[in-house]
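Per-chain residue numbering starts at 1, and chain names A, B, C and D are given in the order in which the chains are listed.
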């Protein structure tokens, strides 16, 4: 357990010391003043990261998957129609979850590598006014693609849709710009282990007043993830059951870090790190899964290996030979692409070590790669933008 | 955050240094060998604590409440009949959860302070063979009462019940004897933050082969808590989504600690600590909520304050004046009783500091108490049994 | 390493979480801005704890012994005459150190249990004007006796002594009032592991302008402990060699803690904790080594065991049977007395657990002790003074 | 305090998590079994790293400077003649220390960048048989030069010298081969914060039976650093004063790490990392301070900047622009050279990030450097030798 190299998976992300220490707290009485004084302000500050003034932030011990389940089970009834785009493995999983909870799911299919097409949403919404929820994955972690949530909202408005807009922002929120109120998002889902730079184990949601209203008529069963229980208890500083204390102490400090740096600076840092990676990919003459740079994610880059290569062999080799973890390709990208996570507590210097590692790994496997080529390109970009 | 006094709430419990350090790990790739080498053995070792050879252990980022929900939603269908005893606030909550998930709940009412009456279970089960599940709270954390799970199993057998036996062992497992296989338990629910001495945030369940079989026909919706997804992924060392890494690393070390001490010794230590507390209560001429010592819990003691006193004033005072947390009375015991948690990483010396504190607090509030009386009684017991 | 019980030795003291975390820093470049921004303010703030405006604070990786050596080797020459009282094992050791560094040591002998007699100092100083340094142990850790430093200064003034006044405040500074400037102290020696609540490994000294002046003519050899090298490097934020970084980060936070609580409150807390212990000793019908309560130390109480008893057997038993460490008797008190350390990060509740433990241990060894008697007396005092 | 980039100074080195946790222990009674069980075996195991069976290992809270002082003050008398080579800033400092302790120091001058010349030692030793000690710096941290200790021993033997051989191995031991017994070393000095990968604050010495014998006749004053006090106390598992507990717990774990990896593998890893750095220097068309590769240190590389450049500007820039610390040039190399530390808990991947950083920094300052050139050369070497 003497890990020293950074990890380059798109979450969990490298824990900065400041947050490791913040989470390293002794057990507290969750009914004590100390906890109450920590918890309520953390909920309030977290709203800034979601870009909401009107909404509420809720925390559940769980993962992003739990956040998805919470979103739908608190606001929908069995057989409700929902509209969602599938453009990667994570949107695929959310669809599966909706189906398992007996929703009537209409899928907008898009290529893996494309963003969610707002116009296709608009067509579907105009064709059928019964949609109760529109779901979109802000950042497809499997493909490294960012979708335009504001455009989806516009599509809904164009179609006079009264549906709730639910957004999976698990791998974008706290790393990439997110404007819940401006974009008319009703439920945004995030996790502790990505841009918040915390340990895994907590879903972080923000819900709009409209979502809260809808909640009262939603009949899908839920207790652990119940928004109402949570809101009622939160109102007096409490939790409906034992809260994930360590993560909440961590969240308070994470928010301090993010707000001290400034959210705009956090986003700019993620763009800069990502752009260095993208330029390295170009230098390697490889291709990102993202179809174009204007939809490329700033938190993760998925990269096709050349035809005939096995991407898993590459990531395994990087791990075995150099002790560095990269993301594997997921779903139908498995074996065809690998992913470089570049989010959270990360510096340009750390990214360069990742690029250097994957270059060595590619060379080891006889990829037609020039050692140092991607590194040099990224170095040039980083030094010009420092 | 410089807490030094132990806490005496019945969970979360005082984190021993060894486990704080074990959880203080940097992020890992959850697909890496290191994690896989940690996770699978932890699941296997945990079976010993549940007393099962045939069952499987499952971990979910969540709390005990999540564990309850997982238990029923993976094995039951809407409108299934379940039988459960209500003898405290936690069994009350589980009942409520069952109702919210649309189960048909038959309640065996018992006084708060009594154990779950096996004979009442037997009568109910004989009267109606349609029960799909029998639920019992092994240790009512609200009242400090231990129920006889083996007797409930016997009642089921006497009634030829084919129902699943589900047990809430949140505040007993890893502190008090639990024999899943011997008692014919199908699902046992525990949490990380009690006898396992870990941070809050993880439900730990064990499920029997029969529960696994039943799972396939259960139609209550679930995804995050889905046993099947979990079992399939666990089979290859993985997790269906991002796992609570830090808690899993902690669990591995917790199991080492428990098994190094020896489970029998762990149980004996809890009995000894509890017995000292109970003798102090007698010395104070107060009354435990538990009706008799043979059903008294070894992890928590609920104690009535004298008529006319407000128990919350007492616990508030202990906190404000001495910086020590005790458990408040829950549900209908609120204001009437307080609780001393004595589980997890605790020593006789620590317990004595708790007893000394509550004595001072009682004296401060003019309770008719002799300072040192409970302490001396416990001292005598501890030194004779050391 | 799962220690949970507090320790009751007079240093090292129980580390509060806040300081454990502050010391848990990754390696830093000691020439970096981060370290420089930490170090200089820490030196400045530390002056408040010593009660000096005119002096300088110096830090050396070492122990209190190293601090003693630094004090004499930087200011004296071989064969210089120094005057010092021996009233316990620590003053004895300082004498030995002076002798080994070839000083001409005049010893004022006092009973172990008495304070350093200012009048005897005065007589000696008047009889011989050649003393270059007067040494006094502010708090004899071996006997639990506080000496009157101001009175020794008065004695010096009465004798028109031009000697340096050097004070061993290892177990008093940061716990008991210390007024370097007011008392005319030239060198005060402390350590990180006592009232500063840090790990062991750093001597903390304060030196007066007069000591600095004297330094230039001092010919005892020294390099590691050289004040001049240290002062010159400190002036630009640096250190003459690799500094004990973790302890310096810890010191910064320790000073924040001490000054947030307020030094007067820190001293009052130590008095209150000590007074509870002293009253327990009276209740046990035992005798403190300190001859009278007005010279009793507020950081450690040395207690005679009854005639015929072996104090080491008692402390060993407390450790083996209950896992609690108390101080053994040192030097000629070995076997005859044991010590309860009550300094640093400690609460009344923790002290009560120590008293309860030693009561049980005495009972186990058939001391004529009433269980709970000392505890009850301390409880009564603590609750009345809370 | 959220440092994430590695540091590349030649000590303190990057703390691996395993050792940070090992040092993160609560205070212990240093007279307790737990400490005694830790301390003695650590001393014993440490002998393996020094390459001694006959010697003893001693620990002092201090730095390497303290270790030097301990070495001479325990074995020599004022005016004793000692022979030492000056080939860099650290040997220069040791000379200064000897002079301040009133030794009669004969200096073998060598160019900064050359190794200590064994033949010059031999000539001096043959010319004057009165030398009591021969001192040599195994690894000149200022120049990145390794001297041949075995050759110095041979020179002594050739001259029939009966002097003690004292070696500064502060930045070599535990990283580069050291064979105390084989090389006839009498005192070897190391520090916790280099190859042992611990926090700063502890000197680690090994002394031969001959050194121990000599000790009895040595009259230089010392108490804190007294070998005799230390040996006597160590013999019963104790320490002559409060020991640096946290560092000793850390040392035990550090030794486990080193011996698990295998010392030969540790040395090979340091060579490999160093060789990558050296090849990068060649690719940059820069010059190491070390005159030839066969005397190049495997723990630190000192590199001349081109004529007319200010090396401090470069290291400052790397720090300010990229948050990475490199070593500055020391003594007469200040401004002319910078240093890359590559010792301790370090991987090839980390080294590459350092090389990438210094390349960017050089480019930023308009050095005639090709970005990626050094990185690519090191990548090629690392991947071929992985």
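We adopt the following convention: a residue touches a chain if its C-beta (ideal position, glycine included) is under 8 Å from a C-beta of that chain, and two chains touch if they have at least 3 such contacts.
All values reported here derive from a predicted model rather than from experimental measurement.
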Labels of chains that are neighbours to subunit B and to subunit D: A, C
Which of A-C and B-C has more C-beta pairs touching across its chains: B-C
Inter-chain centre distance, subunit A versus subunit B - centres from mean C-alpha coordinates, in Å: 34
For subunit B paired with subunit C, centre-to-centre distance based on mean C-alpha positions, whole Å: 46
Subunit A and subunit C, separation of their C-alpha mean positions in angstrom: 54
Junction residues of subunit A, two or more chains touched: 1, 3, 14, 17, 24-26
Complex interface listing, subunit C residues touching subunit A: 17, 21, 24-26
Subunit D - residues contacting subunit C, complex: 1, 3, 7, 9, 11-15, 20, 23-34, 60-66, 68-69, 73, 96-97, 100-102, 191, 193, 199-202, 220-226, 240-247, 249, 319, 325, 328
Subunit D residues within the subunit A interface of the complex: 1-6, 14, 16-19, 257, 321-324, 345-350, 352-353, 356-357, 359-360, 363-364, 370-373, 375-376, 379-380, 382-383, 386
